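Structures are listed in the sections that come next.
One chain, subunit A, links the two complexes that follow: it is found with subunit B in the first and with subunit C in the second.
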Partner chain A sequence: MDISFEHVTHVYSPKTPFEKRALDDVSIHIPSGSFTSIIGHTGSGKSTLVQHINGILKPSNGTISIGDFVIKANEKKQNLKALREKVGFVFQYPEHQLFEETIIKDVCFGPMNFGVSDSEATKRAEESLKLVGLPSSFWHRSPFDLSGGQMRRVAIAGVLAIRPQAIILDEPTAGLDPRGREEILSLFKDLHKNLNMTIIMVTHNMSDAANYSDQVIVMDGGKPLMADTPQNVFAQAERLRKVGLDIPESMEFLKMLTEKTGERRTITAFTLDETADAIIDILNGGKEHV
Partner chain B sequence: MFNLVIGQYVPLDSYVHKLDPRSKLVSVFLFVVIVFLANNWITNALMVLFCLTGILLSRMPFSFIYKGLRSVFIIVLLTFLLNLFLASGGTVLFSWGWLHITSNGLFQSIFISIRILVIIVVTTLLTLTTSPIEITDGMESLLNPLKRIKLPVHEFALMMSISLRFIPTLLEESEKIIKAQAARGSDFTSGSLKSRIKAIVPLLVPLFVGAFKRAEDLAMAMEARGYHGDTGRTKLHQLRWGWRDTLLIAAVAVLALLLIFARN
Partner chain C sequence: MEKIIEVSGLSYRYTEEHPWVLKDINFTVNKGEWLSIVGHNGSGKSTLAKCLNGLILPQRGIVRVGGYNTADEKTIWDVRRLVGMVFQNPDNQFVGATVQDDVAFGMENHGLPREEMIKRLSEALRLVKMDSFAKSEPHRLSGGQKQRVAIAGIVALQPLIIIMDEATSMLDPEGRKEIIQTVRALNKEHHLTVISITHDLEEAIHSDRLLVMNDGQIIREGQPRDIFKSTDLLKKIGLDLPFAIKLRNALRAKGVPLKDTALFQEELVDELWTFHSNM
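Right after this comes the complex of A and B.
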């Protein structure tokens, strides 16, 4: 399911004093099976952008195609429900959407809405709860008795149980401790790898964007500024800084090190291991290390 | 969401904004009472003139006032038509079948429409120029004497200002939850009445859970900042009665006298 935006503009509250142009002539492409991160300063249009992908917002102008679905501006009758079955959406603080008496019922809510039978929905719910790592002893308890991190995992299971082909994450790790963050992100990394799921993640964390994605889209003032591999995007520290963004800590460190040692190459490394290798490489003056 | 102008404060710098909320509340109350004295062209013209002066002094763009009026337009139109056809007396101006329009009916329906419109205009003007906090402060101060008979005036005022403060927050919150549940395939806009009512549950439960959580947080934050009820509490913004406030009350009193003398 390739996703592409062609000249998409979105205006909030048009023709009122509160009018705001959140997306301005955006054309981007997200290939099927990719892990794409969308970064940008607050108010740069990241959330507005992703909300177009499953038809929650409609474009004021332009065309969006998601696989076989085409969403055009000013077109009323559209089969959004079928689209939403294909594209899952995990909102910011998704634990706020829980409402059922038991966890398992809440996870079944999504699939049942899309006309899946009771037994099939339960099967899917159990599967998804296993995927997010919630022990079965919890399944018949109320979701409101859980801790924040557990609630978030239940909410994510609720979206996974729909079995979408693509999934959108709007700051999935906001407010979680480092361990919870690691767990959630590796869950999506596995889904991406094993099920070839397309993942689109809005994030404020540059290291997460660098570590997990194979495409990074930088938004600024409602327009895409860059769309490239993390290596190429984070090599342009100055351009990112201009739009209020940082580079991952590892890159920051390597940049300072190369400046001190007079190294001319631009070295990109995001994980701990890569960074360590890069440091040894620099300290050896580019020679093979033993 | 922003269509609701009644109850929406627009911060501008004008004489009307700077008035003490107590004088505004009292004069709006009096105005709404004396409106019923008007029963001919002169008295109605006086009321309209009073409203126009208020709008001009408030520097409020007419478009904002118009937006407030738009929501009650149907009611005004309905009352107008009802009075137009039902009131009798005077000369018959037009008749078709069993429908008659008489001169009395025409005048009366015009007067009643004006009456509704000026009431809406002054109350809209009050909320457009006075922030909810000011209004509750003013109310609390006006109702202060009732504390003698052990009415919890301060608590009521606090409850009111807290609920007003959280209306936009709750609206925002429900919009978010609607989006999240729509992404999970729930449908709020189509289907039978029963299925639509059922679709509200996934919206209401999270909304209530969130509201309770927020209430707890707010109570804790208030206590942490030393809130202990009414006794010994001082205000950041003291209400101050100025000569303009006295002038406003006097103007309403003069209007009342004029209405009494000029009415039929």
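Right after this comes the complex of A and C.
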């Protein structure tokens, strides 16, 4: 299920003094089964962009295709329910939306809304809770007695139980401690790898964007400034800095070091291991690499 | 050194059926210091913060702020005047229709005379570098700017202590830097005592002192440089390590003979550079 935007513009509060062009002639492509990160300064249009993918917002101009679905500006309402079964959306702080008496009931709520039978919903809920790694001893307890990280995993299980083909994550690790962050990110890495799910992640964390994605889209002033592999995007530190973004801390570190040693080159390294190898190369006299 | 907060034997649980969230906590805070409290989600950090301005009263033990016992109803407002708190979500703490209304709100509650309010308002906005936004509405501001307004509202009340309860965790990297710089200036130039509850270890390494919490207890207390030597313990309780330490360990594992002292990235760069020039 490929996702593409063609000349999409979105204007908030049109024809009022508060009119704001949040997306400005956006054309992008998100291939089926890819892990795409969307980065950009606050107010750059990241959230507006992803809210078009499952029909929360409609374009003021242009066309969005999500597999067979086509959403066009000025066209009558589509069958959005069917679209939302294919594209799941994990909002910021999704644990604030938990409401049921038990964890299992909460996870069943999503699929049942899409007309799935009780027994099928329960089956899917159990499957999803296993995917997010919540032990069955918890399933009949109240979701409100869980830790923040666990509550977030339950909320994510609720979206997974709908069995979407693509999932949108709006800052999925905000407010979590380092262990919680790591758990959530490896969960999506596995879903991407094992179930070939398309993942679209809005993030402020450059290291996460670098380490987990195949494609990074940089938004600035409602336009996509770059859409490329993390290697190619983060090699352009100056352009990123101009739009208020950083490079991953591994590359910041290499930059500090190469400024001292007087080598004028950009080294792309994202993981600790790659960074350590790049440093050893520099210490060995800066032989060519990468 | 003058102790501004003294906590002894503090225990707390939300209801009788629930386990103790804080278990026999003892520590003091020195006047003018920057103290960071780290620990995983659910370790009791935020509950502890709420004990420090009397939002929560101890069920066992005593919390003294500027000499006042927080459990004493007669002086609770003196305690709250001494301690300002910045919370996590910038949108939940904006009450005014404009920036200046928002900053004035706290002063109005404390019944300050109008002339004094006007004077303090402009001072506070200047300190957080938001003076050019005095008449702006909140939805025109970024998260970092809103948090700076929240800080101005606190500064205007001239407290001795500011507590940040994960005040930067919902901000983008730029907003985070703005807040840290603002609060650092208040700490260094205006000698405000800062208590920062945080997951951001790159921020925590710059503090004067660190408390590590786990399961309702303080398990380590000391200078960041000493605490981050216990890498195994920190990992075990679900905390990450600062980048320089992770990288240093990765380099040592690959046979680069580095010392185990570097805490800041600049230190590690210097150490590596010395290597490079000697080769």
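Definition applied: the second predicted complex is superposed on the first by the 283 of 290 C-alpha atoms of A that agree within 3 Å, B and C clash if a C-alpha of one lies under 4 Å from a C-alpha of the other, contacts with A are read in each partner's own complex, and residues count from 1 in each chain.
In this section, contacts are C-beta pairs under 8 Å (C-beta built on N, C-alpha and C of every residue); 3 or more make two chains touch, one makes a residue touch a chain.
Since we're looking at a predicted model, the values are computed, not measured.
Q: Mind working out whether A:Gly45 is in touch with subunit B, subunit C, both or neither, as first, second, both or neither?
A: Neither partner.
Q: According to the stated criteria, A:Gly62 is in contact with first (subunit B), second (subunit C), both, or neither; which is it?
A: A:Gly62 contacts neither subunit B nor subunit C.
Q: Can you tell me whether subunit B or subunit C touches more residues on subunit A?
A: In the superposed model, C touches more residues of subunit A.
Q: Taking the superposition as given, does A:Pro224 touch the first partner, subunit B, the second, subunit C, both, or neither?
A: neither
Q: Go through the superposed model and pick first if A:Pro172 touches only subunit B, second if only subunit C, both, or neither.
A: Once the two structures are laid over each other on A, A:Pro172 reaches no partner at all.
Q: Do subunit B and subunit C touch any of the same residues on subunit A, and if so, which?
A: The overlap between the subunit B and subunit C interfaces on subunit A is empty, containing no residue.
Q: In their shared complex, at which residues does subunit C touch subunit A?
A: 39-42, 88, 142-144, 166, 169-170, 172-175, 199, 201, 238-240, 243-244, 246-247, 250-251, 253-254, 256, 265-266, 268-270, 272-273, 275-276, 279
Q: Per the contact definition, I'd like the list of subunit A residues that touch subunit C in the complex.
A: Touch residues, subunit A against subunit C: 41-43, 147-149, 174-180, 204, 206, 244-246, 249-250, 252-253, 256-257, 260-261, 272-273, 275-277, 279-280, 282-285.
Q: Under the touch definition given earlier, write down the residues of subunit A that touch subunit B in their complex.
A: 13, 16, 18, 51, 54, 56, 81, 84-85, 88-89, 91, 94, 96-99, 109-110, 113-114, 144, 158-159, 162
Q: Which residues of subunit B touch subunit A in their complex?
A: 2, 173, 176-177, 179-187, 201-202, 205-206, 209-210
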